[in-house]
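Order of writing sets the labels: A, B, C and D. Residues in every chain begin at 1.
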């Protein structure tokens, strides 16, 4: 059946129904978010994953991989600014930056805002997603591909690092899917990978990784605390922080790690590294809050960014907010004992 | 974030998540169906309604107008065969058939299966839907537009009948949206419209209309009982029947009405018609069950259809099934007193 | 936070939100129904299953076992009348009736409406459900327990039949959970069980079983067609029929089987039985439609029921409706080849 | 139908389905959260609202009023600690504290942890909720009613303040439902109410109010920015802060206001107050971050709380985190121009 005649001029005044299309995404087994869909622009199956681009009423255009939100127009800047700027601003002079994953290209876009950056290498396994970013996700990828500092390789992120031994990096940014049971990226969250990453970092180098949900609940933050604990078994200093990203249905965690000098020595003495570093957690966590003032961070942003850049999310006050983890999350971090290995992975829901 | 390396050959064996996209359609305020979406092929706003073509895992390609399922690949034949064949088989020799609405073209497709039909006029207000049927809904529209007996007009279904006074019809088929509060089609469910329709029917002519949900529950079937009651205030014989159409989330009702000779006289004496006919309900309802045997219906199908036609849903036994309304629905029909007018419409949810 | 002062008299005129509580029940993996919950009266875990009694806005009080609707106040009479009356009315003089399962007691209630019944034995494994039926489901159980013809045993339905060899039955009614992969009742849907049941039936005895969803779709009706096929490998005559039970989210199927004399002989020659009976499907299916007239069925109901009984759903016209299966379901039944055994079960979703 | 025999010992190994009961709560029209329900303990309709107590798998026992989560066992401490402690710790010596609303009694519980408090007056309109808190929400109300410093009145929160002119308060805590269109509490979010509240505050007094969702999105935070702007039209200093409360489906905002001396003078000159104060926003917002060090806040908590008290959420680092609003929220606060009055209310969804 289909509609027919509008018999009078009241039609315009009638309440039209809103769409009945929804994207339901599980945050945990017992808690989901439900987001109204306006349209679906793309649907395909790459060699690695199901790929959809949809538009939701709440968050605008959204990339969905294997039925999980990757990033959405309305708040992708929160995710990408959170992932990139704290690490790059913490480094005194980041020149070479490596992105593991990063298909949407929002991470590259933020990195290229830094004047100091001379080379930005991005390695994402999925050509389909990278191509879509250029054609369908212009808000994410605008200008990236034209920047001569940027190079894209569609291959395995770890294999590339292993093979290209010429380039050493100041910052490595891991922008990959969560460590879920069905996911391909588990290996890139393990102690072995982090130890290997050290060998590709310059002195003073920094690694940062997206780290899954970061709520007050142990069950929701166990992925982020395990990643933190795993990094602490390799690096001197690990800073965990969380941003509110509404389209992810939860606060979201990140971990920055640094301290390459000491770690290189630690490689010979694994157990010592693991045990002694755990005690530093409390100190490290608050260090980031008091190490620099709000004004100093704001000044660094001004100095580092290419002329005319306006960050929408990150500044000095935001920095204090995202690193000011609540008592409960800090306790979870302190109490975490698991170290992620291929043999003993910790999976997100 | 995006996925990266597949580090081993276990990937193929992993359980892949199914899509998190859903179409939720309210059947009543307190009861909805939830259908998994695979993809959305089309999304637009015509002058009359929101138009979507989606593909669901359960029902295949589906036309959605104003966020209500119109028909789905998997069971549209049930809807269209139910709407068309009982009425056409009941008529001794249907030559001229009129479709009010019918945008998907499935109704036309079924009508054109009848050898006796010489002219099939379809009038749907929405050009956008009709065009989409030809390009995106080939299962529905295949062959229709090429049939010389078929003529399509995109305009008001009632206005067309009023203006084109040359053609008289043997069967009028109303394939329009449900009478919802926000809908444009209310006028086409009223006693006035049915009285007018009589003037466009040949002697022995028949009108059939889709009539909304037809469940055992009064609240769900009040649309269908009101349409039946409204038709009974105009026609001698009204037959209500129901088909199970899974994609509609409920059994679905139809009403066939006939008895033009007497009605024409009744026009002068409205009240008599209304009151006396109500008593005939019980008789009429069972009449259809015994009037013809299963074998007679099966034989009529064979004789009437163009060579090679295979109906998937309708035959003699099906006929008895769909007209064999349960005791409760027959009671609701008997007890219904409301007659639909523009001043006193009865709306579906 | 909690609400505070009503500061003026507009409160009554404000739109109050409806509840946000829902029961989502999967009909298939890709199709669910969503029913608004008003309240939850009971929640426990018996030795066999999760047990809930809830009240929904659409269907009233509802028994939910292992998170599947068992029966709801608003339409339980459709289920229970459909399960009981066609079989009992088909038998010339049913005295001893056996119920396998039947915890809500609606099946017993319908059986006890028959004057001819002298003994009604019900055997349900779950004491918790039976007790709840008496205290919380009075609409279902009213009067049952006080009827001297009724006896309840809480134990294994098959074991009871095996041990109590004194009683032979005229009708056996299987009112048990669907054959789902996680369910305990698989054994009671197998050819072995049906062969055994024959040995507990009097000459001319009848068995009827609820048979899961009965839609036009193969995937939805594969449980019912397999049960039909399995019964056809044992009994001479198998009649499949479907009722629309809105709270189940789908039409619902039942199978009646009879023909004990011949079957007993067949026991020695299994393959013959299986192969020859398959040819009878078409005849059997339509037989039920023409075997008795509407008037004859209505008269039988009058004669058989205890004085004052009013059936709400079932009568002669309803009978023709529910047995008038559509062409597609009849084709599925004809084409079904699977016979359910413990080694080769067919599971519902 | 009900389940029957477990025919073998595999039952324990079978996967049992999880419940199909859900609480869906709209955060916005296009974004909902879906929380699995284990049981419903209570359901009633008070004079003011629908009242439910449910238990969800994710958040435990939960009070739901008019179908919106009020607070849940798993994270109610975040809400109540956030509402109470920043304001009380900011005051040099809080003795008399007033709670408008607060039915669950979690707010009173937190207040009574302060040694300095001599009198805690709570006024909630809904006796039903208060009674339920004592019987069904012991985690919230434990010890409150037995504390001689606590007094409960079930009446209009504003009327009580107007009538009881003997008591002046050091801190007023507004713990009432969001200003939704259908809600009774609109009047308690208006400029008029805040001006009146000043007259009930001692010199140096502080008012704090829960302020609805506080996300990065204007549409989600418009309630909180309007409340902030309204308070700024009355008070010298207004501090907005946000906590992540998972069961609310969003970050949650609060506003603290102080500066009674100046305001009292402003009463004569409304427009001046409104216009000049707007300029202070930036300063005020960051003031709270630098005014006291982490160590000072931790020390104040130790000194103020009764012996043995352990706060689970709030401490010095948490303080910096919740007041460290992101650049976007601070911009929304700065740009907000609306002042809430009964004539021009701003409603939450």
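Note that a contact is a pair of C-beta atoms (placed from the backbone, for glycine too) under 8 Å apart; a residue touches a chain by one contact, two chains touch by 3 or more.
Note that the coordinates shown come from a computational prediction; the quantities given were computed from them, not determined experimentally.
Touching chain A and chain B at once is no chain at all. Centre-to-centre spacing of chain A and chain C amounts to 53 Å, using the average Cα coordinate of each chain.
Rounded to whole angstrom units, the spacing between the C-alpha centres of chain A and chain D is 32.
Across the assembly, chain A contributes residues 18, 24 that each touch 2 or more other chains.
A ring topology is adopted by the chain contact network, closed into one cycle in which each chain touches exactly two others.
Here the touching chains pair up as A-B, A-D, B-C, C-D. Per the touch definition, chain C reaches chain B in the complex via residues 18, 24, 28-36, 56-58, 74-75, 78, 215-217, 220, 242-244, 246, 249-251, 285-286, 289-290, 294, 311-315, 317-328, 330. By the touch criterion given at the top, residues 1-7, 11, 14-26, 37-40, 43, 48-50, 52, 54, 63-68, 70-71, 79, 100-104, 123-126, 129, 156-159, 175-178, 181-188, 210 of chain B touch chain A in their complex.
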